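Two complexes come next, and they have one chain in common, chain A, joined by chain B in the first and chain C in the second.
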Partner chain A sequence: MASIDRYNPVTSEIVAELSGIVGEKYVIFGDAEKLQAWSHDEVAEERYAHMPEVAVRPATADEIAAIMQLANREMIAVTPRGAGSGLSGGAVPLAGGIVLLTGRMNKVVEIDLANMMITVEPGVVTNEINDLIRDDGLFYAGYPMSLETCYIGGNVAENAGGGKAVKYGVTGRYVTGLEVVTPTGEIVQLGGKLVKDVTGYNLIGLMVGSEGTLGIFTKITLKLMPLPTANVDLLCLFESAEQAIGAVPKIMTGSGIIPTAIEFMDRSAVRASCEYLNETIPYERAGAMLLITVDGSGAEQVEREYEAIGEMCLEAGAIEVYVADNFTTSERIWKVRRNIGEAYGIVTRYQSSEDLVVPISEIPALVTGMGRIADKYGVQIPCYGHAGDGNMHTRVVMNPDWPVEKWEKTLPVVLKELYELAKSLGGTISGEHGIGHKRKKYLPLVMAEPVIDVMRAIKKAWDPNNILNPGKIFDV
Partner chain B sequence: MRIIVPIKQVPETNAVRMDEETGTMIREGVEAIINPLDLYAIEIAIRLREEHGGEIVVVSMGPPKAIKALREAIAMGCDSAVLISDRAFAGADTWATSYVLAGAVKRIGGYDLIICGERATDGDTGQVGPGIASFLDLPVASYIGKVDSVVEKSCRVHRLVETGYEVLDVELPAVLTVVKEIADPRLPTLRGKQKAKKMEIPTWTSGDLEVEPDKLGLNGSPTRVVKIHKPTVARKCEKLIAGDDESIVVAVDRMVEFLKEKQLI
Partner chain C sequence: MASIDRYNPVTSEIVAELSGIVGEKYVIFGDAEKLQAWSHDEVAEERYAHMPEVAVRPATADEIAAIMQLANREMIAVTPRGAGSGLSGGAVPLAGGIVLLTGRMNKVVEIDLANMMITVEPGVVTNEINDLIRDDGLFYAGYPMSLETCYIGGNVAENAGGGKAVKYGVTGRYVTGLEVVTPTGEIVQLGGKLVKDVTGYNLIGLMVGSEGTLGIFTKITLKLMPLPTANVDLLCLFESAEQAIGAVPKIMTGSGIIPTAIEFMDRSAVRASCEYLNETIPYERAGAMLLITVDGSGAEQVEREYEAIGEMCLEAGAIEVYVADNFTTSERIWKVRRNIGEAYGIVTRYQSSEDLVVPISEIPALVTGMGRIADKYGVQIPCYGHAGDGNMHTRVVMNPDWPVEKWEKTLPVVLKELYELAKSLGGTISGEHGIGHKRKKYLPLVMAEPVIDVMRAIKKAWDPNNILNPGKIFDV
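Now for the complex of A and B:
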């Protein structure tokens, strides 16, 4: 990490200059307790955290541009940060320097009903977008699992996926326009409200998922969809994980229906979450569960579709298929899925949250392989996630009897083997969490050196001084 | 054993918005569900049937669309359902509702237990269960958290009271109103849904029940909603910022003064 050391410290003169740009109130310096909150994201392990030297809370693109110009002039690293709910360290200020908080930029710029688009600032909470447009019969289909807290800016930076990607795809599908402050402090407009646009390189595509290394988004234009009026969830209990996961390719290819979501949860994931929630669905009977959502524009269509999928699950050996067709029941079963991470969080902090992705036909092989690796190393690898799009989530959880040193030695070996497994199945190491600095050293496992070199060249072209979010994805 | 479970269809409380002017709920466009507290009544009824055999009849008074709530109860495992629906019932208060439901229970007949949820999440009165019992002149045990046993013509139940539980032996037939502790409701199944969709659910109107016309609906209701007001929260917060030595002194003085005012010190 030699490149990290070449930055200059944040001096009181620089703090004064930052205060001049954003206002004294919005510069946090010398208060370790406050700054500590911005030293980490949702990655649990402490070794991935790093303290910023100063935090700034700008309110406009002009202020951000001025901050970037100052940072280039003084050689100080800048790390942009949304709500901090990331899972790969994207918002961690690895080189210290300035952490740039986007929370004050939380205005909705425009709701354009005629074009079915919304333009927002990066600090808008993703869930609020849907609250705003529901009455107009519209919705934003990007749906990360952390939707109640995360910011849209972070979603775009990480190209967030989530539970509904099977049918609706990921964040990038909906971003048509971006106002970006470049790492050198220019304000540029990319795209707009066009559904089709082949003018030049697709720089929006480059920006989406760039993990805060290529630009800071200050306005985001999103395409909206007609809000589905009917929505049903099925909770399908299977005797074994193999049976459950085996049903997924059958549903995807054989039902003629694209479900909104197919979530897989193995026995230990379900048990941990149910115990955490005091939920009494009869999980002891089940070796694994599928949570399948179907949505559409009419109750009858959705009923036909969920019945067809439910029947396929029963044919594939499901012990029971539960139906949730109202908000209360639906919430009850989605809570089980959403709280798995939280439930393991209280068991031990020694764990690594992973989101391998493979082609959907390889999901059964991935799940079997993960079980094999867990047995081989004596760790828990509960398996859950977006089975319908091949993005399986897991946590490698330390055996509580182990000394920490043993864990720290074993984890990289387990991760490497998991990543190699994903690769051997035609997959890769992260479907939606990103690389950040957490998975940086594993990137060459799945990406050829010439390809990484192209990314380096792009980074250098945009950010010649390596000011913006240094140390992420790959070393420059 | 025949168990009758009266249920109510209510708006999904998460989605409910209030009309600021009239103070009433905006029910249009809001999903309607089984009153969440009635799910516990359905669950304990199913468990008692699983243990003792018999059948469960679920009954609801409401507009025609309340049939959806009845079908959901069938999907959970109830055996049959009756919808009680008539324009003449509109505007009924808890008295008139209990009166009509008692009439329906009488017509169903042959019952051992009538199990109700503790109260509905929209009206929040908790009166209809005991009201039915009173019209039918049956014993009633409210706030039941556990059914210990059902033997011959008696059941032993635990009644939740402020200081703990009362253990009661109740002669059957009787009315129970149950609380959450009794059992976690199961989810409806696909097979249940399919059965419920096909099931014929009769609708009974006032003509089908032995009820007197002047005791129905708004006209038969002795209570009236005169005014709805939103209670204001009486608690007031006073923030004392103690950031430096000087403000700490001011804050502590104010706190002492406050506690004296309230005669707490």
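Now for the complex of A and C:
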């Protein structure tokens, strides 16, 4: 990584200056044990980690602006970090330098009921937003599966998606305003509490999903939705993964209904999560299952919709359809779904978490193709995820009999084949986790060089010294 | 306009080369009468018009790429033009040069029912999309009010919004894939038939609403929605504009229902349109009215929702609430709404069509403020529009007793005051019409210089020679 060499080391003078900006107790320097925690995100493999030289914990946009100005003057890289729950290495301080922790910026700035908007700082845990507004009959619909730990700032940086994206879309749909500290240390306001705005280029859209390379969000305004008053989950058991996944395009196009979620879990994913949680949900006879949510403002409507979808599942070969129409049962099932990643995570660190996305009609071909690749290379590729969006999660898990060297040689080959499979089906390499530096070298597989060049030019325009989160998405 | 001087004239050699690219009969040169039609869009005032030197009518992306390469080599400006139904001068060839007409590119490339997507060329009339897919139980929800004449390419360029934006959002929400000819003449693919995609920066989001300055769209993939099977319009009469507009935030936040549309029309707007159409809808006793649409997949649900909203209107002081639950009646009312602009358009060309947008809670203050400005300067400012989005349309109409000179001196003062009013309420100067060159000089009122600089840098990255639609949004 050639670009990394050109940064200057963090000296004790710079540490002193940082202490002057944020206060001494919010600067962590020379404590390798503490700093180590910020050297990686949820990507398990060590080779994606890199130690920061110093960590700072600012509390205001002004402090962040001052840090960015200092960093530009002294040529020191800055990597912003939220909860560290990312899955592509986006928060890893690849060039060392400063890791900028947003956890102290966790204030709710305003709940504006009259406009159904909330403005928060980036370090607010996403789930807190929904806890705060539930009693007002509102909810924030863009949250991802990791909502209990992730920060909203990271959600915006990654354009996180979640279990309700089929009906409600992902983070970006709800971001109407941003206060941003630019890479050169200016504080700018984009948008506001506006649901329509065509004043100039869509810079909010560009910021969302820019993976911490174009700016640090210091205030985020989100549009809220009326909280659905009725909610039902269907757990639909199928004999095979092919049958389950084959039902998805039928439900999406044949019912005239937009379900809130269609999640797919194969047998091995369900079993792993159930064992991890010591939970029992009915899966013994099932090779795979769909977890389908329907919500709305009227119980009869929701009932009519889930009955129609349940019928479609049975027609598509479901062995059984269970209805979960109360919070406790729903939560049990969703917990199984949410913990699949976690469950696999503890088995071995020799695995790679992927989130390929394809057109919905190609999901069956994707799942079949993944099985073929698993067989070819003798690895496990359990499969689960947001089938209703065409966004399948999977883990490539090392064969436990292998020596690590074999794994390290095989994984890049398997990944390349998976990514090429997704591309051949009209898909791409990430639906919600991002490119970060984990998938950086694969970006040219799915994106033409002139397009990557345009992204480089945009990065250069915002960040002429390449100070903010260097080495992510593409090399400059 | 300093930048305009540096382009070269279109010589007969260049005309010959253009003929070689698109065919002789698709090049219009030296025919001032024909060219005049492409010197303006729907902005009435002559000073916003500018003649092109030549018009070309390409049929393929390859032809457009060749034109852009030629234009870069010879330093000739190119202005793309769809149906010419824009309202900010976006399609006006300010620097002369080539006006590039997309009307021949009007093919439907693919209707993909399995993915609920349609791919079209830019010259397809927006309404045709819905005509084509209605029988399949689908619809394209992003269309604007001018759907019967506008082209989908222009909708994407302007990020057009429409009467259903409250529930369904605007054009950008539905664009999942683009084939783009870049300003330097490369053909690039962005996105695809994917509902989630975080591979690199959100360049589709940047292209949408870029007003023809960053690329020419040659294929557009749109996500479709299940066609609602039930649809009801409410026409709610209020004694005053203040009462009507005051009901809007209450409906939006108090009902737990997301209506499809909430349109506002004041008395003078309704009267003008009814007279223009020779139509009668009940408005005699009303100072203003709300046109509210509710749609869904179940008749009972829609009934419950419109009854709840109707009740809220009555509680907020409505004199009368009419229900239009059949297509003919609905269409009559919507036609009155859609033709307000047209109706005023024929009265005088001394008027300015505006589309201020504010947070929903500020609409009453905006309407009151507009009345104050109208009184202060002695102009008419009739008011109508997408109240449910906070996006109010209005026309500043010349006092017929004035000499034109007085109008021309007064209008910029009135506009500046209107824009400052919107800004003071947390709003901005355009919700859906765009900046174009009509509002260019007012952009700094609502956008900080560093932000405009970033947009300039993005433009420079895509279009180093400033060939594509120069002089729009900002000067480079």
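The criterion applied here is as follows: the second predicted complex is superposed on the first by the 475 of 476 C-alpha atoms of A that agree within 3 Å, B and C clash if a C-alpha of one lies under 4 Å from a C-alpha of the other, contacts with A are read in each partner's own complex, and residues count from 1 in each chain.
By definition in this document, contacts are C-beta pairs under 8 Å (C-beta built on N, C-alpha and C of every residue); 3 or more make two chains touch, one makes a residue touch a chain.
None of these values were measured; they are calculated from a predicted model.
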| item | value |
| --- | --- |
| Chain B versus chain C as contact partner of A:T11, first or second or both or neither | neither |
| Contacts of A:N202 with chain B and chain C, given as first, second, both or neither | second |
| Touched partner set for A:V170, first chain B, second chain C, both or neither | second |
| Residue contacts with chain A in the superposition, chain B compared against chain C | C |
| Partner chain in contact with A:S424 - chain B first, chain C second, else both or neither | neither |
| Which superposed partner A:S210 touches (first chain B, second chain C, both, neither) | second |
| Partner chain(s) touched by A:M447 [first = chain B, second = chain C, both, neither] | second |
| Chain B versus chain C as contact partner of A:F327, first or second or both or neither | first |
| Shared chain A surface residues [contacts with chain B and with chain C] | none |
| For the chain B and chain A complex, residues of the former touching the latter | 12, 14-15, 31, 33, 36, 72, 75, 184, 187-194 |
| Touch list for chain C against partner chain A, complex | 112-117, 137, 158-159, 161, 165-166, 169-170, 172-173, 182, 186, 188-190, 192-203, 205-206, 208-210, 214, 225-227, 229, 249, 252-253, 255-258, 296-298, 300-301, 304-305, 357-361, 386, 389-391, 426-435, 443, 446-448, 450-452, 454-455, 457-458, 460-462, 473-474 |
| Chain A to chain B touching residues, read off their complex | 234-235, 280-281, 306-307, 310-311, 314, 320-324, 326-329, 331-333 |
